[in-house]
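The first chain written gets the first letter, and so on, giving A, B, C and D; residue counts start at 1 in each chain.
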Amino acid sequence: MSVGTNWSPRNPDYEKVVREGFDAEAPLKSIGASLMKVEPGYVEIHAPIQPAIMTSYAPVVHGGIVGLLADCALAHAALTLAAPGAMGVTVEYKINLMAPAVGEHVIARGTVIKPSSKMTVAKAEIYAAGADGSERLVAIAVGTLAAL
Amino acid sequence: MSVGTNWSPRNPDYEKVVREGFDAEAPLKSIGASLMKVEPGYVEIHAPIQPAIMTSYAPVVHGGIVGLLADCALAHAALTLAAPGAMGVTVEYKINLMAPAVGEHVIARGTVIKPSSKMTVAKAEIYAAGADGSERLVAIAVGTLAAL
Amino acid sequence: MSVGTNWSPRNPDYEKVVREGFDAEAPLKSIGASLMKVEPGYVEIHAPIQPAIMTSYAPVVHGGIVGLLADCALAHAALTLAAPGAMGVTVEYKINLMAPAVGEHVIARGTVIKPSSKMTVAKAEIYAAGADGSERLVAIAVGTLAAL
Amino acid sequence: MSVGTNWSPRNPDYEKVVREGFDAEAPLKSIGASLMKVEPGYVEIHAPIQPAIMTSYAPVVHGGIVGLLADCALAHAALTLAAPGAMGVTVEYKINLMAPAVGEHVIARGTVIKPSSKMTVAKAEIYAAGADGSERLVAIAVGTLAAL
């Protein structure tokens, strides 16, 4: 899927870096998250909706887990455009939780809004997807990522 | 610990409601989080720093887990002041990650700033604590919680 | 300009309500702001770049004025979808200032992301526009608007 | 008023720098804002509540003006701790508007939470004050300031 941006990666091996970083993250592994797409300035993360990530109040994904996925989508989208050897650090993010995440899996799409060698701004849109492929926007986040 | 606020709980059984809600949250249980204090308008959550919640880039707590703890501190602080039967829903929150969370455990302190029967504003301060009891502020969050 | 959303206004006279509200705002009048477009779920505000809204540090628009325009774009976008007689109140917003606003005028585009009779989520994108019609994205905001 | 922090200014002439910067800001001058206190890591700004800064919907201060004052409180608090010659730039801020600002004047108190030579985090609390000296908290903001 094209995302309408057209950023040039500074690291030709960006996909390898981002995939290796993602695969090493214990909190993402523990919830069964997968990195489905990696493009310059864009990543897409999927996670199955299961009791381990639901809130106790209703059969919906816990807001803190939606936030975790948003944070990861922001950070890995920024990482696709980082210089070789650079490490991404989340400076801040804000998330609006707009609807309960109900369905088969969660999709977190991270997109760089403004890249920079120092501070990148990115957004993440979180969708709840059904088994039939239908999607519903459940949260939106915007954050700042620094490169170290 | 007193926190300088002086809110009156609308539900005399607020502590029971908050503790039962906390104990039922699978994502909190999976990281070993404990609810150490519950007062009107205030909660304190502890979580041991262990590999399962660390980022792969360094031996520090993953920013998304810091966010998860902040979200929970905000929501449970708001819940201490909710009416009987009311359910708290996180509308939005913003978090600034200011320092790496390194140490023995994380402490998330949630405090209500402005309670309301409809929309409560709360803040959360996240500290990294050493085995010697020393604490370092690593993140601050402010969020809006709605009652349903 | 179509914005890709397709919201139905609850008030057939939404444009009149939004324009009258905008025209009555003293802070917007004092900086010469104009409401250029009003569509269901969308508004576009223009303001000339002039010394009165610049920071003293450089010939760029003061960040607080960029924030004021963002706030107004969010609130008026939400107002286009409000019920007759409803009044919009800004609950919270977050803004990332990404580049200095230099040029002839500022354009603030407000778009509803999720409408609701109680709490609407909207985003605002702020551009600096040159005399030649070129535009540069300088800030992005996301906020929550309540209807009273 | 002491604010409980104990930051050391890097510039012994910090007060002069902050006051001169404040006095040169056209948007602050136009609303009659005054810099009442300048301490290391802390500033206090007052602005009279008058029709020019009110919203048209009710006799309360426009939310965008509350945001402007918050932005200035954040930036000038950070500036008190900046190195000689450094210029502060607002990276992002988030504001929660909790109550209508009604009264005689607005007070914006900016406090540094975490100083840094690169990125400082600060908070601002906005109060509406009556002629009798009573104060009511109406908004809270947290933001990131960069030094150039």
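Note that in this section a residue touches a chain if its C-beta (ideal position, glycine included) is under 8 Å from a C-beta of that chain, and two chains touch if they have at least 3 such contacts.
Everything numeric in this text was worked out from a predicted model, so none of it was measured.
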{"item": "Relative to subunit B, chain with the most remote C-alpha centre", "value": "C"}
{"item": "Rounded Å distance, subunit A centre to subunit B centre (Cα mean)", "value": "23"}
{"item": "Euclidean distance of C-alpha centroids - subunit B vs subunit D, Å", "value": "28"}
{"item": "Inter-chain centre distance, subunit B versus subunit C - centres from mean C-alpha coordinates, in Å", "value": "34"}
{"item": "Subunit A residues counted as touching two or more neighbouring chains", "value": "91-92, 94, 96, 144"}
{"item": "Chain contact topology (line, ring, star, complete or other)", "value": "complete"}
{"item": "Subunit B-touching residues of subunit C, taken from the complex the two chains share", "value": "91-92, 94, 119, 144, 146"}
{"item": "Sites on subunit C touched by subunit D in the complex", "value": "21, 24-27, 30, 51-57, 62-65, 67-69, 71-72, 75, 87, 89-97"}
{"item": "Residue ranges of subunit B in contact with subunit D within the complex", "value": "94, 96, 98-99, 113-114, 121, 123, 137, 140, 142, 144"}
